[in-house]
Structure formats: C-alpha cells, structure tokens
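Both of the next two complexes hold chain A, though its partner changes from chain B to chain C.
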Partner chain A sequence: MNLLKSIWKNKAAYLFIMPHFALFLTFFLIPVGWGMYLSLFDYSVFSQEFIGFDNYKEIFSDNLFWKALGNTFLYTFGVVPLWLGKALLVTVLIYPFRKGIRTFFKAMFYLPHVSSTVIIAMIWLWVFNPNFGLLNFFMESVGLDPVVWLGNKATALPSLIMMQVIMGGGSTIVLLSAAMSSIPEYLFEAAEIEGASSWQIFRKITVPLLKPTILYSLVMGTIANFQTFSNIYIMTEGGPEFSTLTVAYLVYETAFKNYYLGLASAMSMIMFVILVALALIQFKWLSSNVEY
Partner chain B sequence: MNTMKMKRFSKKTVSLIILSILALLAFIPLYWMIVTAFKEPTLTMKFPPEIFPKNPTFQNFESLFQRRDLFRWTLNSVIVAGTVTITQIFLCAMAGYAIAKKRFPGSKIFFWIYISSMMIPKQVTIVPLYIMVANFGMVDSYGGLILPSIAAPFGVFLMRQFMLSLPNEIIDAARIDGAGEFRTFWKIILPMSKPALAVLGIFTFVGEWNSFLWPLIVTQSSKMKTLQAGLALIQEEVPMEYAYLMAGATFAAIPMIIVFLSFQKYFLRGVTVGAVK
Partner chain C sequence: MSRKSKVLLFVVLAMFFLVSLVGAKMTITWWINPWRIAPPGFPADQAAGSEDFPKWISEEFMKLHPDVEVKYVVVGNTEYSQKMAAAIATRTQPDLFKGPIWDSRWVEAGLLEPIDDYLTEEDWEDFYEIALDDFEVNGKHYVFPWSFGTNGMGTSMLLYTPDFEKAGVDWRKIVEEGWTMEEFLEICKKLTWDSDGDGKTDHYALSFGAKDIHNIMNFIYAYGAKLSNEDETQVHMNSPQAVEGLQFLIDLVDKYGVVPNGVEGMGVYDVIGNFHAHRTSMGFGGPYEIGRITRYYLSQKWEFSELFEPVIAPFPHVEGKDPVAYAATGGFIVFKQADKEKRDMVMEFARFLTNKENMALLESLSYLTSRKSVNAMLYEGDEYMKAQVDVFGDIMGDYGMEFFGSQSFPWSEMEKYFTASLEAAFSGTKTPQQALDYFNVEANKILEKRK
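Moving on to the complex of A and B:
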C-alpha cells in the first residue's frame, strides 16, 4: 500500500522516464530476452521446434565457429594494445605543445573517426589492391616485392589489424588528453628537475594517473573490436579460407544468409558471455595493480 | 640551463616528426579517396598511380547520380539520422533527468538496467529484432529503420551523468515559485543542459549517418537504403570500378567532415562527458 502511494506521489518521474523506457523495453530488452529464448529453438524458414541446448552443442562441435572465435581474439588482441599504445604515445607527445598545435593534431587524428567503417573499408580495399593499389606502389618504390594483402591467408588478418590501428584511436586520444590535462603540471616539472627520464615519468606518473581512463578505453575498445563486422563484410567476407572470419560476421551469415535464426542467436549469446568475462578480467587486472 | 633548453627543443622536434608521420598515415587514405573520386575511371588502372590528379573530372559523380538512387539514399539518411537525433535528444533528456534528480521506487533499478545494457553486443538483439520488425510489417520501412535506433540506451546514461551536476537549489526554487514538473523541465532543466544536448545530438547524428549493420538487415529495396547500405550495394556489384566507388565514398563522407569541422570543439571535448571520472 505504501509502495503504491509512493509510486502515485512520484508519477511525474515515471512520466518522464516512460517514453524512452517503453521503446527501450520493446526494441532492446525484449529482444535480448527473446534472443535467449530463440537460442533454444531450431528456428528457420521451415521449422520452429524447441531443441533445448542442441544449438550450443552444435556450435561447440563446429570447427568453423572455433576458427571464427580464434580470429576474433587474434584481431581484438592485435588491434586493442597497438591502438591504445598509439593513443597513449600521441597523447604524451602532444601534451607539451601549445593549444593550437594540440588541437590541430587532435583534429587530424579524429578525422577518420567521423567517416563510417564502410567508407574506410572501401578506401582500404582500393589501397590494398595488389596490382594498382597505393600500398604496393609504396612497396615497390622502396624496393620491396608487392604483396597480395587480402588475398593471402597469412597476410589478410594482419592487414586488417594494421588498417584499424592506422585509422583508429582518435576518440581515445581526445579522452586521454582531457584526463592528462587534469593532472597537476608540477608533478611533471618536479620529476624533470629530479632528473627522471621521459620513460620513468611516463611509467611512474602518466600511466598510473591515467589508469581510470585507460581502463575505460580498454573495455570499450575490446567490446567494439570484438564485434568487428563491417570491415569483413565489405573487404573479405571472411576469406581467404576463413582466415578473416569473425564471430560477428558468422552470426550475420548464419542468420541472414542461411536463415538459421536459432543457431545465430545461440552464437550471439556465447559472444555476449565472452565479452562480459573479458570486461571483468580487465577490471580485475587493472584495478589490482594500482600503484601511486 | 642552455643545454636543457636545447634538449627540450630537440625533444619537441622529434615529437613533431613522430606525430606528423602518424597523422599522415591516417590522412593519406582519405586524401586518396578524394583524389581517386576525381580521376578518369581508366586512370585507376595505371601503374605507377598519379599522386596529384592532372585532369580532375566530375564524371564519376555524374554517373553515380544517373545510375543509382543516390539522391534517395541521401534523403533516407537525412530522414533517419534527423528523426533519431531529435527524438533521442528529448526522450533521453527526460529519462536522464528523472534518473538523476528524482528519488522514486525503482530509480536505482532503472539506472542499472540502462548502464548494464550498454555492454550487450548488437549481434544479440539483431536476430530477434528482425523477427519482431518483420511481424510488425516494418521491414523495408522508415519505422523499421528508426524505432530500434531511438531505443538505444547510451543517451540516457549520458544525460544522467550530466544532469547529476545541475544544482538542486535551482530546481527547488522553481518548484517553490509554483512551476509544475513539466514547466520546470522545459524552462529550467533543458536550457541548462544545452552543452550536453549538443554533444548527444551531434554524436547521435554522426553515429546514425554512419550506421551500417541494422540498415543492411532491415532494408531490401534500393529505394529504402541509407547511404551506407547503398554504398555497400555498389561495392558488391562493381567491385573493380574504383573511381566510381571512391566518388560514392567521398559523397557520403563529406557531410560528416563538414559536421566535424563546424562542431570541432564538441568533438574534441565532447566524448569526455560520458566517461567515468
């Protein structure tokens, strides 16, 4: 009774929340729950039959899924450290300059970030072209042999990682720069007067004080790269020989090319569980070795 | 003293060189896109390539408009991104305000539902969402393109973070002066939240303009495609016509580059609003 009264007293608050929450419930929360439910069904064009955990069993015994999972891990752990390293390097290097120069570089690094992944993928498909592409032109001008970047199963995934690292990091640089400008300047000055090297300052002052922001970027970057889809769709369709097949692309293919919707839902659930686990590990690992 | 200055100077020079190389690496592909877009189609098959185009031409853009629904795709992108942005600004501001400033049964639960749902990958929702939208008969329609995007949780979280910092005294004062709930929101809260609303608006618009996975799945006819889905369609059909493809990419990229240059300060400051502090 008291609860009802209190709800009635606060009806304005519910009215404020409801318009968004109703949409959020319909087009987000219910689909998440329904996805879990669907993953227990053989759900395709011809059948809708409850099969318990058979989808999961099928996925775990499917070599292609393990291949895709391996690729996704390789891609994520290839991209995220390099891209975070690049963002940290740029942040530290632009810090001593005056505002105009800092803004110029931040804008330059941010620019690729406002172009869609589709556009970036299309450009790089052209850059990677083995016969007429810009990259092989550079290779030949420095006296190296041309490479079939995306057509070779040994170089395809590393090429995609390289592309992502070269184009990415813009928003992380902005984030890290903002965090860095809130570190009191005298800390750096004092360390410099004491004769600390740049590397020592970086390790002992910059990184520890930027830790919350680094952690945030690490978790967000892992989540984003683990879902890599558009690059694969535009550039390789998972090939050659499944060497660039990611889980996100496999989910898409299973659901919307082959119409195994239950199987695809089960895959996406596994993906979700892995992401939560990764985030928890990162939080634990980074907050356990905070040293000031 | 002098040597320290020298050291600092040379350090800055090395920094500038490294920064310029890294920035150029990211910039060259964008330059290459624009240069290729203005080349004669046959020139893309020339090796070594022309780094500076000698005879720029608009031919690729012309054939793009003649052969494709480019105008319609652009219109669709504007309609979808515009509607989602305006609706999100209002709905997220309202929901964020309630969660940040009101204590009511369930307020904590709402907050935790919103924040934890941000970790859920898109792949989890797209399959059931597609079945649902199909059941509503909204495949290949604006409703199907727009409604699921408005439901995204990030904006609510962003507004909640910002509105926590608004002083309670002003809200209380407005209430004591006799302003009703909605008047207070409209006349006091919204005007004070302008910077956060701008950030949310700009980021939503750019995000929606660039979004690909959902438009790819929910559209079927060429008439309903957004620019990104349309570009992917061209890429699939004529993968070797690079000049033509780069013209399409340039056409889709330029509006966002203009948005970026005009609202630069929001981009270069803005992303920090939602970050954990």
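Moving on to the complex of A and C:
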C-alpha cells in the first residue's frame, strides 16, 4: 500500500520513466526471460518439448562449447587490456594539444566506430590474404616468409585480436578525453611544482582520477568483446579447426543453422551469467568513490 | 450529435467496412534469395539486380490476377536460414519461397504442402526426374523444380584456354574425353610458372579453399570414397579411398607446388577471385560461373582487363573410374495453407513462376532449367554458351550424384567438422587420415544424437 502511495506521489517521475521502461521491458527483459524459458525446452521449429536442464547437461559435455568458451575468454582478455591501454595512451598523448587538434585526433580514432563492421572485416580479409595480402607483402619485403594468418590456428585468433585492437577504442578515447578534461588543472600543476615526473603524474593522478571511466569502459568493453560475432562470421566462421570459434558464433550456428533454439538459448544464458559475474568482479575490484 | 447523425455515421462506416471487405485482395508473400535474372526488355548492356526479376514477375502475375496482391522479399543467402527459422518460430513464414535452404524435417513437422496434385501430366514428363526426386519425402513431392544444377561448384571445371594454349596443352581433348588424375597433374605442372621472372612462382594451375568443400569433395569422391553406408546410419569418410583423395590434393600444394599455399585460410570467393584475376588457369563451376564473369565485368566489380570466355570441362578421374559431379536442383516450396482458395492461388503462382516461358529467363543468368523442353531451346543464338551448356548438361547427366547424403541426412550439422578436418589436413596439424578420422567420430556422434 505504501508502495502504491509512493508511486502515486511521484507519478510525474514515473510517467517520465515509463516510455523507456516499456521499451526496456519489451526488448530486453521479456526476451531474456523468454530465453531462460526456452533453455529448458527441446525447442526447434520442429518440436517444443520440456526437457528441464538437459540442454545445460549437453552443453557442459560438449567439447566444442568449452573450446568456444576458452576462445572467447582469450579473445576478450586479449583485446580489452590492449585496447584500453591504447585508448589511455592516445588520450594522454593528445591531451596537451589545443582543442582543435584534440578534436581532430578524437574524430580520427572514432571513425572506425561509425563504420560498418562488415566493410572493415572485408578490408582486413584482404590485408590478411595469404597470397596477395598487404601484411604478407610487407613480410616478404623484409625477407620473412608469408604467413597464412587466418588459416593457421596459431595465428588466427591473435590476428583477429590485433585487428580489433587497431580498429577499436575510439569511443573510449572520447570518454577518457572528456573525463580527463574534468580533472582540475591545479592537481597537475601542484604535482609538477612538487617535482613529480610525467610517469608519476600519470600513475598517481591521471589513472586514479580516470578510474570510474576506466571501469565503465572495462565493463562495457568486456561485455561487447565477449559477444563478438561479426568479425568471426565474416572472416573465419570459427576456423581454422575451431580456433576462432566464440560462444556468440556457436549460439548463432546452433540456433540458425541447425535450428536448436532451446540449446542456443541455454548457451546464451550461460554467457549471460558469465558476463554478470565478470561485471561484478570488475566492479568489486575497481570501484571507488573519487572526489576532487 | 443528433440521433439522425449517429445513424448516418453508422451507415457510412458500415458501408465503408463492407466495401473494404469486398475489395480486399488476397495477398501472397514470397521470399527469394538474390537471383540477378534479367526480365524481358532489360537493357543488355547492364547487369540486372536481385530485385528486378521478383518485382517484374510479381507484377506480371498481378496483371493476370487483379484480385491478388503479390509481395516479394529478397533475402540474402547468408541470413536466409536465420530469417526463415525466426519466421517459422513466429508463424510468419511466407506462402512460398525459393532459397538456399531446405530441411526435410519441415515436411515431418507438417509445415509444407505437397505439390503432386498441382503438376500436370506434361509437367511430370518435362521435369528432370532428379529435380523432382531431390525433394521427395515419403512418396510426395514438395518443390516446383526451377533451376537445374547449382553454380556448378563440384560439378565441372573452367579452363582459361589462352593459358592452356600457351602451355601447349590441348584443352579440346580434355573437354571431349576427360582426363585422368595423372594427366591432370602433368598439365597442372605446365600451367604453373613465374610471370615476372623474380624466381618465385606467381601463377598457379588452380587454387582451393578449405571452406570451399564442394570442389574438394569432388576429388575425394573421385577416388571412390563414400560419405556413409547405404542406409545412412554410419559415416565412412575415413576410408582409404577418402584419405588417398585428400592426400592427392595436399600433394598438389606441398609436393608439386601447383596450387598456392594457404588453402586452409581460403574460401570459395578467394578461389573464384584467383581465377578471375588470371592468377590461376583453372577455376570451378558451370555456366552460372561464366555468367558471373560477365556480370562482374559489366558491374566493374573486378578490374578485368578483358571479358574472357572459359570452357567447361569435367573434373579429372582416377584411371578406370568415372569422374563425379555434384548434382543438385532448386525450386519453389509452398508452406501449408489453411484456406483452400489461397492454397490454389499460391500453387497457381508457383506454376506461373515455373512455366516454360518464365523458367527460360534463367538463361540470362546462365543457369540450366529443370525442364527438358526449355533447355532444348536455350542459347540458340549463342554458339559459345550453347557448347558450354551442352558439356555441362552431359557432365550432370552422366556423372551427377548427391554429395551430402539424402534430404534427411544431417550434413548441415556435420559440415563444420568436415571444414575443420580439411583445415587441419591442409595446415599440416593432422595427417589426412587423422583429419578424416576426427570428422568421422564427430559426424557419427551427430548421427547417434539424431536417432
């Protein structure tokens, strides 16, 4: 009753929230709930039979799922630190420039973010082409043997990680630049007067004060990269020998190539739980109240 | 509002409702994957787009049936299966479709209409038997046959004749009499050279991609391999014949150097691109792939210096054995209709799509049709294409076989394991025997799960 009274009292606020909540409910909460429900069924276009946790049992006994999960962790933990490090480095390097130059660099780094991932993947396919690709052209021009970048299971995943690190990070640079601009200048001046080196300023002032933004980028980056799909779909289809197979690609293949929607939903649920756990760990590890 | 006005408003609304009911058109929705067929009157110097044919034929049918509205949707090949799965799951599937997918389990789930009652005596006579049988489940047929053969991958090879002449190889003999694996290998050696004189090979006889399984499968079958036993209860793709076939292909790369390295990282479009750019003298495919050269040239998709005309030849064969060719057909499939009148009209539309006149439009895409009578009339004014189509038809007719099991065989689930085993074999992480053993184990697990 108190809850209803409280809602009625704040009805204007709830009315403002309502449109967003309705969309959130329709396009997120209900699908997630429906996914949980489907994961308990042998659900395909041909049958809908309740099977309890059998889908989960099947997934945990499937070597391919474990392989995909391992690859997904490798990819995520390969991309995110490098990509965040790159964003932080670029942000610090462009910070001393005047506003126009900073904006130019931010726009340049942001450009891949607004480009089609399909187009970017197609271009990189040519870069990695074993016989006529740009990368092997450079390798051969310095006397090295050409490499089948996407055809060798030792180089395929690192190649995709490298590509993502080079192309990604634009939005993080923009976020970090904005956060850095809000750090009071006098903190840097005081440190300089006290004789702190550039490295000490970076380590003791810049990074701690950027921590909330770094945390946000880390969590969002982990979630985004954990669900990576389009690059795999276009460039390797999970090969060679499943060395680039990720959970998101396996979900796609299970649902839309083999029509096992219940099994695919169960995989999605496992991915969902892992992502929530990772986000919680990151919050626990990095969160702090920063005031200045 | 007065009582009189209310009554008047009610009468007007009721009349409007009745008129709208009377005037309501029956709607037929159909899906098709991109087929760049040029409709009649399309400019000859332009490449048709994927929308041109479905738009034209929908309008033509509506002219004949003004009470019907035909809506078409062009669905890309790569997203076709996911869109269809989503449509079936939400009961929003089209009335009929032509796509790169088909699953006999749809029949078992009661989703499709059999078409037997809608075929005339003449149709039964005119359609190739294999075209009808390809989609037969429990004695009933489920597709209005349309195209005959796919793009020709795994069916036939394409020879760039100037290279053959430069190497002193009689390509006409190959086209007419075929070639053994030994002859093929010797010719491959002659077609591999260093163009720019830097001491490194930069022109190869042909190329392969591990993800381009149709063409690789052809060689494996040519050595006598079989995918499974007769009743499809056991996969046998690790037989000595299969291993020998795969070893031959690996030798072409590693031992003889007539195929460029990197097979494990390449797909079918890399192979096509190599042939188009004359980096290889041989490509794969049938008349459709010849049409692709013309289309790419017209749309300037590739920087061709010339519009070349390759010839179609059979795949090589093992001495004492016949060559093999992948044979598959395609057509229009009708989803279950609750209303008989609608069902009849959808069937009528399917018949319209596959009548002789409209089926003949496949000629613009260099495809053979599923009607014998239409094929007999194709390419009459084009001596070159007529010759290629004749060779292709002979190859399909004489050596055509199904590569991936019957319609109920779960190849789509096995395919990724086969690709992985090819990647392993070509990259050298597994021997051909180990790679095919691995595929066999995984494929049999899938069969076991299906039981």
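By our rule, the second predicted complex is superposed on the first by the 258 of 292 C-alpha atoms of A that agree within 3 Å, B and C clash if a C-alpha of one lies under 4 Å from a C-alpha of the other, contacts with A are read in each partner's own complex, and residues count from 1 in each chain.
In this text, a contact is a pair of C-beta atoms (placed from the backbone, for glycine too) under 8 Å apart; a residue touches a chain by one contact, two chains touch by 3 or more.
Keep in mind that what you see is a predicted model, and the values were worked out from it rather than measured.
J.: Is the arrangement of chain B and chain C around the shared chain A a clash or a fit after superposition?
T.: clash
J.: Is A:256 contacted by the first partner chain B, the second partner chain C, both or neither?
T.: both
J.: Who does A:93 touch here: chain B (first), chain C (second), both, or neither?
T.: The answer is first: A:93 touches chain B but not chain C.
J.: Check the residue A:12 against both partner chains and state whether it touches chain B (first), chain C (second), both, or neither.
T.: First partner only, chain B.
J.: Classify the contacts of A:130 with the two partner chains as first (chain B alone), second (chain C alone), both, or neither.
T.: second
J.: Quick one: classify A:103 as touching chain B (first), chain C (second), both or neither.
T.: A:103 contacts chain B only, not chain C.
J.: Have a look at where A:151 lands relative to chain B and chain C in the superposition and call it first, second, both or neither.
T.: second
J.: In the superposed arrangement, which partner chain does A:230 touch: chain B (first), chain C (second), both, or neither?
T.: First partner only.
J.: Between chain B and chain C, whom does A:117 touch in the aligned arrangement: first, second, both, or neither?
T.: A:117 sits against chain B, while chain C stays out of touch.
J.: Identify which of chain B and chain C touches the larger number of residues of chain A.
T.: Touched residues of chain A are more numerous for B.
J.: Should A:240 be classified as contacting the first partner (chain B), the second (chain C), both, or neither?
T.: Only chain C; A:240 stays clear of chain B.
J.: Shared contact residues on chain A, chain B side and chain C side combined as an intersection?
T.: 129, 131-132, 252, 255-256, 261
J.: Going by the contact rule at the top, pick out the chain A residues touching chain B in the complex.
T.: Listed in rising order, the residues of chain A that touch chain B are 3, 6-7, 10, 12-17, 19-21, 23-24, 26-32, 34-35, 38, 86, 89-90, 93-94, 96-97, 103, 105-112, 114-120, 122-127, 129, 131-132, 134, 137, 140-141, 166-167, 171, 174-175, 178-179, 198, 212-213, 216, 223, 226-227, 229-230, 233-234, 247-248, 251-252, 255-256, 261, 264-265, 267-269, 271-272, 275-276, 279.
J.: Name, in rising order, each residue of chain B that touches chain A in their complex.
T.: Result: residues 11-12, 15, 18-19, 22-23, 25-30, 32-33, 36, 44-49, 91-92, 94-95, 97-99, 102-105, 107, 110, 113-114, 117, 119-132, 147-148, 150-153, 156, 181-182, 185, 206, 209-213, 216-217, 228, 231-232, 235, 239, 242, 245-246, 248-249, 252-253, 256-257, 259-260, 264, 267-269, 271-272, 275-277 of chain B touch chain A.
J.: Sort out for me which residues of chain C touch chain A in the complex.
T.: Chain C reaches chain A through residues 81-82, 85-86, 88-89, 103, 105-106, 108-109, 111, 210-211, 260-266, 270, 274, 279, 412-413, 416, 419-420, 423-424, 426-427, 429.
J.: In their shared complex, at which residues does chain A touch chain C?
T.: Touching chain C: residues 45-47, 128-132, 146, 148-153, 156, 237-242, 252-253, 255-259, 261 of chain A.
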